[in-house]
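The letters A, B, C and D name the chains in turn, as written, and every chain counts its residues from 1.
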Amino acid sequence: MGEMHMGNTGEVAKITSKDVLAAIYRMCDAVEENKGYLCELDAALGDGDHGVSMSKSFRAVRDKLPSLEGKDVGTILRAVGMALISTVGGAMGPLFGSAFLKAGERAAGKQEIGLDDIVDMFIAGEEAIVARGKAKVGDKTLLDTVHPAVEAIKEAKEEGLSISEALRRATGAAELGMKSTIDMIARVGRASRLGERTIGHQDPGATSAYIIIKAASMPYL
Amino acid sequence: MGEMHMGNTGEVAKITSKDVLAAIYRMCDAVEENKGYLCELDAALGDGDHGVSMSKSFRAVRDKLPSLEGKDVGTILRAVGMALISTVGGAMGPLFGSAFLKAGERAAGKQEIGLDDIVDMFIAGEEAIVARGKAKVGDKTLLDTVHPAVEAIKEAKEEGLSISEALRRATGAAELGMKSTIDMIARVGRASRLGERTIGHQDPGATSAYIIIKAASMPYL
Amino acid sequence: MKKFINDPDAVVDEMVDGFLYAHGDRIRRLAEARTLVRADAPVKGKVGIVTGGGSGHKPSFIGYIGKGMLDAVAVGEIFTSPPPGAVYEAIKATDGGKGVLLLLGNYAGDVMNFDMAAELARGDGIEVEQSIATDDVGSGFKDDKSKRRGVVGEFLIWKMTGAMAERGESLSEVKRIADKVNQNTRTMGVAISPCTVPAAGKPTFTLADDEMEVGVGHHGEPGLRREKLKPVDEIVDMLCAEVISDLPFKAGDEVVTLINGLGATPQLELYIANRRLFKNVTDKGIRVYRALVGEFFTALEMAGFSITLCRLDDELKELLDAEAYTPYFTQAGR
Amino acid sequence: MKKFINDPDAVVDEMVDGFLYAHGDRIRRLAEARTLVRADAPVKGKVGIVTGGGSGHKPSFIGYIGKGMLDAVAVGEIFTSPPPGAVYEAIKATDGGKGVLLLLGNYAGDVMNFDMAAELARGDGIEVEQSIATDDVGSGFKDDKSKRRGVVGEFLIWKMTGAMAERGESLSEVKRIADKVNQNTRTMGVAISPCTVPAAGKPTFTLADDEMEVGVGHHGEPGLRREKLKPVDEIVDMLCAEVISDLPFKAGDEVVTLINGLGATPQLELYIANRRLFKNVTDKGIRVYRALVGEFFTALEMAGFSITLCRLDDELKELLDAEAYTPYFTQAGR
């Protein structure tokens, strides 16, 4: 499957709905590969199920993908969002699900998207996560991965960079953001009850957000 | 405690109620010492509690002993029997309890007993165990210890031997009897459900019967 | 041994205290012995239902004291039969003039202690009968089923016998029901981890990480054989095959099925087992009248479960569905 | 991982099947989602009581569906909040014209998924309110108690709120009771061995042979601290001190106490704990109106227990004692 859905590489100016579908396949693979790792991270801070929830959610996503061949980007992303909120639930369903739903609204009807669209979609995704989870940057959640990624891609657009370069920057910022959670004290979610004992552990949600952003950007890195 | 209640040693012709009390103290000590060992034996064949039941039962016996100073042999043995059937229950309460009760009946009112009495008491004890448990010799129970001991002491009496020699023989026969259970298949009790798998394991009840007979006879051996 | 206890030798006494703090409005302890009875015992004109046995099987036995089930329980040490005195006091406290039925499992200790108690009570002129449970197929003895252990089938005996007694039937009629339920009931269980008697301090058996004990007793007694652990569907298939062929249960029979958790096995797993049990039974053309799932008769913290089938007729169905009010089984008529 | 399961990813679906084979006479599954409802839902003229959450807590949540308690439960994966759709279907299936109250524990996933469901249902014109349980003192937050986890206190909320709804009271009145019970309830627990989520395959934590986790969450979340295991009386003293001082409960208060086994801890030990709990509470001049002991809200096969105190007034006493008919809690009035 991996090979088939690798999509374009090198400097690109447009991304097709086919590329987006390929990106989603890569996300599914990446989540599955990291299932055990994500559970371990969650065992230190929460209830140890994060990898399991993510894996089940993205298996449900994968099941939807064949029926989405040829659909526009908005339809694809909304379907992904619906699969995420319909199947497993957990904390990830509403957070990632809302992000994909809102991002999908911005790409409604489009067979091709440019960097403008992508930035719009990133912004919408972050807004959805904030609206749903009411967390702030620094609270040790997936927002600490998502927010710097969004800032980076916005800047890249302002600087007039290519899609590839913008995604490269976003992925780099996401990675730094993910790592920044190691030193943070969790302020929301299950982990928040551990207070200072959360210092030294990387947040599982922040990690899966990075895994997803990286998998999406892979061919462009 | 041990020293104080050791009773007579060497060849004796009579046993006093004081000696009997001392013998009971020794039984209590011996059972307590072997608690763990008896549990281990029972774990292989049954539910692993034999040492615990024996220990609890004989602690209850020990609690009664101070009030029995100066009482006749019959009273002492019946009190031991009552303590055994009143406290713990288990399989041992009724079996050992009935044995002591019946043996006590034979020694009612006596401050001193001779070999004739002792043989009578052994016979009564064995009868009580058979009546209560309905086991046969060879069924892999405490009867396989008790029966050869009773036969040995009867013979010793017929041969006109001393109490000491008679108890020596009884203890020796009890030990052989106990060991003979290793090769037997359990026919009654909890262990009987294991059938052939009981071969190779020494019966816990047969073992505690030996421990008791040996502790009683100790100063005469 | 990792347990929430104080003195290992005091666990049963302390448990009884704690039990009475919770259920003292309906159950009281006798002064004369460690025997618990219905607060309103003796119930006039009703056969007294007395049972008892070793502790460590919660909710059995004391959790089933109450209207429609048990009148009194003689409480033994962990896995150890109670002494005759405790049973004798139970008999005296529950004889409402129609006699008392002793219900017990088939264990040498229980049989002897209950026998002694019955002798004592008969000496007082109280009518006493006994019925001994032998439902455990896992204890072997295909040729002489009367030698088998009694296990969780006892719960079904208590339920239906208790209902019969509550109706005011005679001692012989009540005993007939106890024997009838026993004759129609078969159980078999498996364990994947042992339990530890507090005063002994060591597990009753050890199993490798991939092993299970098939036919285990509810005190950790070895069963029929050891096998590799399998998916639960296969385990249930195996247990069903042994249980169904033993009576045998046949197409057209109606049964109550019972899945009993032995202690540490989550209810989630019991329900997964129930799913397969239902399939096994109905595939054979046997009708499931009721399906009970839960912890009815445990073995401390043993991980494992058993399945039970009990063949019903109209008489037993009515008794099974009759009202019961006890700490662990309440049924307000159906 | 030694468990009686088949496919680790199918445990919840298979459990639901097995559950319905046992309780299908009173509980049914919706076609639209993995949501279980009272067979007679929606009950006209009654506020619908809907809850849900991750699985693995049996008998919670589905064991409490029935008259006098819950109308519907949205069933999540093990320890994972159910999706909005399952909650939304629960709301639609139980609205008897007086609106629906959502009862949930304070977990980010549950809060978000229930929020989304409430939004969807309100869009359909159904009146929906929420009440979020936060009884776990072990989750810290002395300064902002609204951030605490909800644990077995939820059982008490379901019981009393369900009774209030059964009376035909309005949605706001029923919600008032849920909030009131929550405000008056405090819980704290300890664990001595972990549990394993089947799909994860590994225990959620590890403890040394002589250690316990104090303030553990019912998914194995770390608690306030680790300590050496102590005699249970000392553990209960410690838990009582924290729980009593937190509300605080005071001399003259009347309470229902609850000891909840987390899975593998034998009931014997829970009753030993209850003995000491009773002493702690009454020594403080607090009156024990009722004492509940058992497994109400487990964490798979975790070994551990919690103690809960809930302050009662006449209104709550009546609701606590009201009739209830569910698979795991039946009470025919008292």
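Note that in this section a residue touches a chain if its C-beta (ideal position, glycine included) is under 8 Å from a C-beta of that chain, and two chains touch if they have at least 3 such contacts.
Only a predicted model underlies this, so the values are computations on that prediction, with no experimental measurement involved.
Enquirer: Among the chains, which is located farthest from chain B on the basis of C-alpha centroids?
Expert: Measuring from the centre of chain B, the most distant chain centre belongs to A.
Enquirer: On a C-alpha centroid basis, what's the spacing between chain A and chain B, in Å?
Expert: 77
Enquirer: What is the distance in Å between the mean C-alpha positions of chain B and chain C?
Expert: Chain centres of chain B and chain C, defined by C-alpha means, are spaced 33 Å apart.
Enquirer: Just curious, how far off is chain C from chain A if you go by their C-alpha centres, in Å?
Expert: Chain A and chain C have C-alpha centres separated by 55 Å.
Enquirer: On chain C, where are the residues touching two or more other chains?
Expert: 78
Enquirer: Where in chain A do residues touch two or more other chains at once?
Expert: In chain A, no residue touches two or more other chains.
Enquirer: Classify the chain contact graph as line, ring, star, complete or other.
Expert: line
Enquirer: So, with touch as defined above, which chain pairs make the list?
Expert: Touching chain pairs, listed by label, come out as A-D, B-C, C-D.
Enquirer: What part of chain D is in contact with chain C in the complex they form?
Expert: Of all residues in chain D, those touching chain C are 2-6, 11-12, 14-19, 21-22, 55-56, 58-59, 63, 78, 192-193, 209-210, 229, 231-233, 235, 263-276, 278, 288, 291-295, 298, 300-301, 303, 305, 325, 328, 330-332.
Enquirer: Provide the residue numbers of chain D that touch chain A in the complex, in ascending order.
Expert: Residues 9, 54, 76-86, 107-109, 112-113, 115-116, 139-141, 147-149, 197, 199-200, 202, 204-205, 217, 219-222 of chain D touch chain A in their complex.
Enquirer: Where on chain B is chain C touching in the complex?
Expert: Interface residues on the chain B side: 39-40, 43, 46-49, 51-53, 55-56, 85-95, 132-133, 188-190, 192-195, 197.
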